[in-house]
Structures are given as C-alpha cells and as structure tokens.
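Quick notes on the structure that follows.
Chain naming follows the written order as A, B, C, D, E and F, and within any one chain the residues start at number 1.
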Amino acid sequence: MGWAVYNEPRTKNRPVARQPVHLTAIYPGSFDPATNGHLDVIERGSKLAGRLIVAVLRNESKQPLFSTAERMEMLAEVVRPFPNVEVASFDGLLVDFASQCQASLILRGIRAISDYEGELQMALMNRRLRPEIETVFLMAGEQYSFVSSRLVKEIFRLGGDVSGLVPPAVACRLRERMASV
Amino acid sequence: MGWAVYNEPRTKNRPVARQPVHLTAIYPGSFDPATNGHLDVIERGSKLAGRLIVAVLRNESKQPLFSTAERMEMLAEVVRPFPNVEVASFDGLLVDFASQCQASLILRGIRAISDYEGELQMALMNRRLRPEIETVFLMAGEQYSFVSSRLVKEIFRLGGDVSGLVPPAVACRLRERMASV
Amino acid sequence: MGWAVYNEPRTKNRPVARQPVHLTAIYPGSFDPATNGHLDVIERGSKLAGRLIVAVLRNESKQPLFSTAERMEMLAEVVRPFPNVEVASFDGLLVDFASQCQASLILRGIRAISDYEGELQMALMNRRLRPEIETVFLMAGEQYSFVSSRLVKEIFRLGGDVSGLVPPAVACRLRERMASV
Amino acid sequence: MGWAVYNEPRTKNRPVARQPVHLTAIYPGSFDPATNGHLDVIERGSKLAGRLIVAVLRNESKQPLFSTAERMEMLAEVVRPFPNVEVASFDGLLVDFASQCQASLILRGIRAISDYEGELQMALMNRRLRPEIETVFLMAGEQYSFVSSRLVKEIFRLGGDVSGLVPPAVACRLRERMASV
Amino acid sequence: MGWAVYNEPRTKNRPVARQPVHLTAIYPGSFDPATNGHLDVIERGSKLAGRLIVAVLRNESKQPLFSTAERMEMLAEVVRPFPNVEVASFDGLLVDFASQCQASLILRGIRAISDYEGELQMALMNRRLRPEIETVFLMAGEQYSFVSSRLVKEIFRLGGDVSGLVPPAVACRLRERMASV
Amino acid sequence: MGWAVYNEPRTKNRPVARQPVHLTAIYPGSFDPATNGHLDVIERGSKLAGRLIVAVLRNESKQPLFSTAERMEMLAEVVRPFPNVEVASFDGLLVDFASQCQASLILRGIRAISDYEGELQMALMNRRLRPEIETVFLMAGEQYSFVSSRLVKEIFRLGGDVSGLVPPAVACRLRERMASV
C-alpha cells in the first residue's frame, strides 16, 4: 500500500495549519434510564470534544420512570471516569441550551437499528434554527443495536434481567425501584 | 427556559477538565469529481478537527472519469479557503492509511437520501479492523440530498448543466473534458 | 440527442387522442397547522387537477392545537392565489368523502424524510376500499424535507421561530395563540 | 359522516374555477421488457393525463435483451387499448425530451418493495434541471410488488414460467427469443 | 439445469442424518382482532412446527377493542382447521412464556410494508434474554401487505367494509360490536 | 406472570395434535467464501429442519474468487459438526432445485444491516413460482451484521486481517490463495 499527501501546489502559498480545537459538545437525551448504548456514545464522544455535556431533557409531561434529579445522579455516576464530561439538564429548545453552553456540537448516537430518519429530521430542523451548531453522529457498538431505554424499562417491568444492558448504577436503581413498589 | 449544570456531586472530587483536542480527521472518497455536497462536508468538518485530510481513493480498476492526479488538483483548488485542510491519495485499507496519518477520526457525510446502511456496514467493519479510529457522520445540507458524483457525471455526459452542483473548478474541468472529446 | 415518437404501426388504425381531462383531486390532512411543505404540494397539485379540494380531517379526538374552523380559515387564506383550489373538511372514510366530491384522485406529498411505508399502506387500503380512486404522490421541495406540523408546534411551544416554516397567515395565528395563553 | 366545503369567505370574491386540464405526461423506462407492473402504471396513468407518452430509453451501452425497436413494438401492442397513450424512444436527458414533447409531467411507478430513495433522488435532480416539469408517483398494485424486468429476465433465462408476470405480447417474444437461441 | 449433492468427502466419515424434529412454536401478538394476514401466517407456520401456539398478549393497559377472552374465542374459531395449532394467552416476558411451553421457536410475520426494524430489535432482545429460543420470520402474502389490526379497526369505526380483510368469525364479531354501540 | 392455554372450547371436539415434522430445508447462496455469519445461520437452521442442504450457486458468469468445488470443500469442512447438514451445488431456478431435493423450506439469513427489500422481492417471486415452498428468515447474530462475503474479499485483497470474520477453514484457503498470487 502506498499513499502520498498532495500538498505541493498549496504549500508554496501557505503552510498547512494544525489548529488545536476547543470544542464543547452536547449529548442530549431523556436517559430514562441511561443504557450501555448511551455509555458507549459518551465514551466515544469524550474523545471527540474538549468538553462534553450530557444533557437530560426535563420532559415532565411524558411521565418518566425516573425524575430528572435521579436521571442526573445516575449519569453523574456513569460519567465519573471521564474527566471532561459533565451532566446537565435542560428544557426549551436544545439549540438554545447549546448556545448558552457555548457548545458548537450536538452529539447523537445512531444504531444499525434506529430511527435514522427521525434523527435526520431533527438535525435539519436544529440546523435551520441555529446554523452555527453542527450535529455529529457517532455509531454505538453493534452489541447495543437493540438496546433502548424503552425496551429496558419494559423488560424490567416484566421481571426480566437487564444487567448487561445498563450500567451497574442504573441496574441498582432499577432494583431499588422494584423493591419499593 | 431554564437549565442547570449538574456538577455538585462531582466537582467536589475534581474540577471539570477542558481538554484542548488535537484531532486529525480523514475524509475519504472517490471524489470523481468532488461535488458541492462534498464541499459542504469539508467545510463543516474543517471546524470539527484540528487537521482534515481529504483522501482520494486510487481506485484505478473502476475506470474513473478523472485520474487521481486530476481529482487531487481539483480538490486542492476547492479546499484552498480552509487552512487546516489538505489533500492526499491512498490505496489499501482506509484504516491503515488513517493510522499512518495518525488520524483518529474518519469523516463521512450522510444525506437524507443516501446509502445509510452501506455507510454503517463500512463503519462497523473499520471499527473492527482498528477500534481506536472513530467514524463520525456529518449531515450535508438538504439542498445536496440528491447530488452524487455518479449523477453529476451522467447529467454532464448527456449535455445537462451541472454548474451549481459542483464547485467552479470542477465545472471548468468538466467543460474542458467535454471540449477535448 | 435524438428521439422518435413511435406511432407508425398504430396511427394507421386510429389517430392518437388528446383528451381534455376534468379531474377533481382531494388533498387530505390534519393541517394542524398548514406548513410551507403543505403549501408547496398545494401549488404543485393545483396544476395537476382541474379542481383541488384541500380536505381537513375533523379529528377532534386527537386534541388539535387549532379547531377545524381555524384550520380551514388559515387554509382559505393560503389557497387564495390558486383559483381552482378550495377548502373543505371531512370525517369518516376519506374515500367516501372523495366519492361524494366526485374526486378521482387523492393527492399526497412525500418527502425525502418521511413515513413512506405508512403512506403506501394507507394508499393500498384506500384502493381496496374504492379501486376507482387513484392515489397520486407529489414530492415536496427538499427544503421542506424536515418540516412537519408536529415539529412546528413543538418548536413554537418551546419559543422557537417558525416563520419560514409556515405561511404568514399561520405564523400570525400562532403568535396570537401564544399571546392569549 | 358529514362534511362541508368551506368556501364562504372566498366565494364572495370569486367563483371557484373548474379548469379543464390538457396535460401531457411521460412514462420513461427501459422496458426491457415491459412487465404487468408497467402495464398497470400505464393504465392508471392514462386516466390522469390527456396524453401519455411511454418513452423507451435507448441505453445501448447496457446490452439490453431486446433492441429499442423490439421494446417499442411490444409496448405498442400493450398500449393499444388506451387511445391517449403512445410510444416513443429517447436518449439524452429525460427532462429535455419531456420539454420537446411539451410534457409537464413525468410519471413513475413506485412499489411497496422498490428503490424508493433512488426514485426521489432522480426526481429531485430532474426538478433542479427543469423546475416546470413535475414528477408524479403512482403505486402499482401490490400483486406486482416483486415484479421487475431484471427478475423476469433472470427467471426466463433459467427456464422458469413468466406468463402472468408480463403481457402476452411480451411472453410471446420471450418464447421466440428462447427458441432462436 | 444440473446439480450435485456434495457429500463425497463427508459421507466417508458418517452418513447424513435425517432427524425428525418435534418443535413447538409460539406465534405471539395482540390479535385485536386477528386479520387475514395473521391467518396466513398461522397456516404457513402450522406446516413448519409440530405444534403451534397462537399466544394472545394480555395488554390490558392498551385498552383493546376486544377483551382477551374475546380475542381467544375468535382465534379458536380461526385455527379450527389446523389440528396442531392451539390458542393461549400470556403476560410477562414472551420468552418466559415460550420457555414454560417448551417452545423453541418464536414465529413472526413480516410484510413488505412493515415495522422491519422494530421486529429485528425485539428479536435480538429476546435472543439476549433466552438464546436457546430462535425467532423465525415468515412472509405474509403480498395481498396482506397493507392489512393491520389498527387499520382494520379504524376502517370499521368509520363505517367501512372490512370483510375480506379479516376472517368471517372476526367480521361477525365486529358487526355485533357495532350494533351494540 | 400468569398464562393460560385456551383449549376448552376446542379440545371437546378433538385433541391437539403433536405432529413430528420431517422438513428438508435449503440454505442457498454464493458462499464465495462462507463467513461466520453464514456459519451462524447454518447452526441455527440445523435445529429448525430435519435435514439442511447448504446449496452453492454455480454462478460462473460472476467470476467468483473460489471455484464451486473449492466453495463446497470449505463448506463441507464448516458443516462437519452438524450431522443433519449437507452441501450441494445448483444452477437453474432455486425453487426447481428445492423441489428436486423434496425441500419445503428455503432458509435465508437477515441482518440488521442488509438488503431486506431484495430478500422480500426474491421470496415473493419464489412463492409465485412454487407456492408450496416456504421461505423462512433467521436472524444472524448482531456481531455479524456488517460481515459479507464481498467485504471479506475486499479486506483480504487489501491486506487486512479477516480471521474472526470467516471460519478457520476459509481463512486458511484465503492465505493459500494470497501466497500463490
């Protein structure tokens, strides 16, 4: 295999720049609860941006299983190994929140089995609302292609075993929740 | 709208890091020829990575319209406004080339109308070959959702007007090519 | 480029007919509210049929943002420039309404990002119920590929700017609605 | 079920027009050979437009099974029952041919199982080349959802029975072709 | 056409086995109500497994049109011609129910127009929960590609004719239900 | 969790049958070469049918990497652990070959990332040609969702490591092939 960087005609004019990039990225979601698929995206995303904000949507109208505070606590546990990742919550427009955080990236995970078209629709709409914020898609591992918060909750509710699908901190909370009911 | 960064339980232990990131990204393709959709991805990608290498696949077996050298010359023209973007060519495995360039990102554009599944298949395979290299998907503008190199060449060959679909440098070369035939 | 109409073997038998067509088409939907994507389909459809009826579904059970009367008033404003377009409402089966209007076409817009399969399912079912009524699909402009009534309402509710996504008459009503809340 | 045509606020200003429409439509394809799915679209399309031109693409480079003349002869047989349908051939850009025929519509069939995205890509490109020509999609019957010219030829080549998949005129030619080989 | 069973290098070592298979399969669903598409899958599935259990999900939370008992009665009528098919109901995890029935197969119908990705997601999750149970997909006839319980109920509610879409036993119950309202 | 087999109204009339099933299934493909995804389907399929014939398509026109004989030899190695699986080759129509083998099932693997629509089209066509033969879809493990013969060959040709993607017998042959070139 051979290859050749093609810079003869250009480098006469100017040297190629190596810009250090200080990007802040937002990874938004309901995280009700966070799954191992989410964790996989967080880990990958933490290498992509200088600062990654995992942003929990405060969608009270949808009757989540866990309160916003609980979801944030579980995520705080989950992101502890990643020094440049923090946890926040938001309501209102995602792009407005991103702008307040001076984030220039929205991070989304896509799966082999996923609402691909819904993701694109949302991303195009967000671009129209604030063109300066870019949506970036990462691909979760194929072993998470079938894991969603909705399915995890359904299996948990029906008495199935969800360890291996969610981080230990989440599995623990799910068991507590079950015991208290 | 309100929001709250959730850092109380964590910042007691350690301050949140702001890491400057020096990433090199590869944007691979045939670019036979580059379209305005490619240019859109290059412009967006140049803000994401510290250094972006547009990498032309030397697929001689596929009988391209333009030689590798011609494709690189057109791209060099196209990327001139972006100081951290350079042009290269490669054959062999993309992930091997990325590794030689010390690139940690592969950049791919996805379109509303696109070979989504083919993109995912390639990205999963590349991850298996070299897990340390991440594939990142950006979304080209919806106005480019129907523009592909293949379609541009077909329209050009049938006498249609492709200005507006390709950068001026490419339109110029296409006209030269037509005149010489 | 050359081409040849192939009529030698047939025109001996009979001249080719040029039939004036007096078709009535129905463009059904919830239109809660009408978007610029809907307007685009109406404009294209008005050239296709002699008479186009924009038909508002009276789906009271779904708790629309605007009443049927309001939705019809906004549409009446929107279709004013098109002399062969009128506005109606219906409940019951769409094909029954179409039959009462002596419409032989159902008009649907499809988008690059869209519920394509749901559209086909509905069209096949409608054909089974009344085979004499044809469903015809037009393609909205790619700049509307991400615009849906649902998304417009969500952005409006979260304080985002929806001008450019909806006709002025609709934007105006949305602002009035917001002010009154 | 009830319904109400909403024309009070408008009909004060002007009566609703009933425009007779004299549209010419093009139904392009390779038709190598025509299938019953094509025939279904032709029959439906003949009711939609005043004049329908079935346009055979002269794609000699693709080594068709039947010559352009043969494909046109079979189609002439097939369209005989429809007085406003004629058969032509073209090369070059479809929209240029449509323009020469003063056609304002391009007719395409879509199937439940079909290259939906390829169809949209082509339609958006054609719109960009000539915005005044509209692409209209009809849905072939679900019994034809798996019938394509390519598959018909493959089955025929392997000795399978294709009657019921193609019009009698085509089945006859296929048998002749087999006998002569 | 020719073909050759390739067993020379192996049959020296051992004869090829012909194992009689005594498989039990589960065909789960809401069946609210059963459609002709479901009946088609039952008929095909009854030839695949030694014993087929049509398993009605007791999803009381979703406010079904028919009670679990009613749905089971209708199905019992429908499966009468198939001696190896029986009807059951379940709640809890499907794979747990399958295990209790000593079923090793889950049977699912897929349609040309269908929630393909949702089916795969569910099947992968079920495999993770109990790897010893296999999900098998059959394809309903293309004439049922647009028939779903949801659509049947909607058409019935709006006064449309659903005979031909559902088995006679179901059509009869639907009429009774309508008369009683 | 509770459940109840619903057999009261029926078992009065007749006992539920438990039919032993002696099905022969065909698993057709090019297998140029067999991958671990194919092997996964073979293993699952061997439990489904009493006899499973892995059938290699003799597509000489497509210039395969391995000859039909080589592909059969590799498969014979691969299927050795499964006593009810044998290897054959065929040309002509698949359903004719299935009929000659007295097979009533065609087995196909589907992947999360796959040509789903092409599979359905082929299956519907095969059903039309021989309605008595059923196509059954199994789902390969998600870890094989990106593995295809085409991709394996491309990576091998470019010098990448394909062990883990193909059975050892195939990896060995690929290395021999490389050494001999």
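What we mean here is this: a contact is a pair of C-beta atoms (placed from the backbone, for glycine too) under 8 Å apart; a residue touches a chain by one contact, two chains touch by 3 or more.
Since the model is a prediction, treat every value here as computed from it, not as a measurement.
Just tell me the minimum hop count from subunit C to subunit F, counting one hop per pair of touching chains.
Between subunit C and subunit F, the shortest chain-hopping route counts 2.
Of all chains present, which has the mean Cα position farthest from that of subunit B?
Greatest centre separation from subunit B goes to chain E.
Taking each chain's centre as the mean of its CA atoms, how far is subunit B from subunit C in angstrom?
Their C-alpha centroids are separated by 37 Å.
Centroid from C-alpha atoms only, then distance subunit A to subunit B, rounded to Å. What do you get?
23
Spell out, as numbers or ranges, the residues of subunit B touching 2 or more other chains.
1, 91-93, 96, 112-113, 117, 120, 124, 142, 145-146, 158-159
Which pairs of chains touch each other?
A-B, A-C, A-E, A-F, B-C, B-D, B-F, C-D, C-E, D-E, D-F, E-F
Of all residues in subunit B, which touch subunit F in the complex?
91-93, 95-96, 117, 120-122, 124-125, 128-129
For subunit C, which residues are in contact with subunit A within the complex?
Subunit C reaches subunit A through residues 113-114, 145-148, 151, 155, 158-161, 164-165.
Can you list the subunit F residues touching subunit A in their complex?
1, 112-113, 142-143, 145-146, 158-159
Over in the complex, which subunit E residues touch subunit F? Could you list them?
1-7, 9-10, 13-14, 16-23, 44, 47-51, 53, 55-56, 72-73, 75-76, 79-80, 83-84, 86-93, 96-97, 100-101, 104-105, 110, 112, 116, 120, 123-124, 127, 134-139, 141-142
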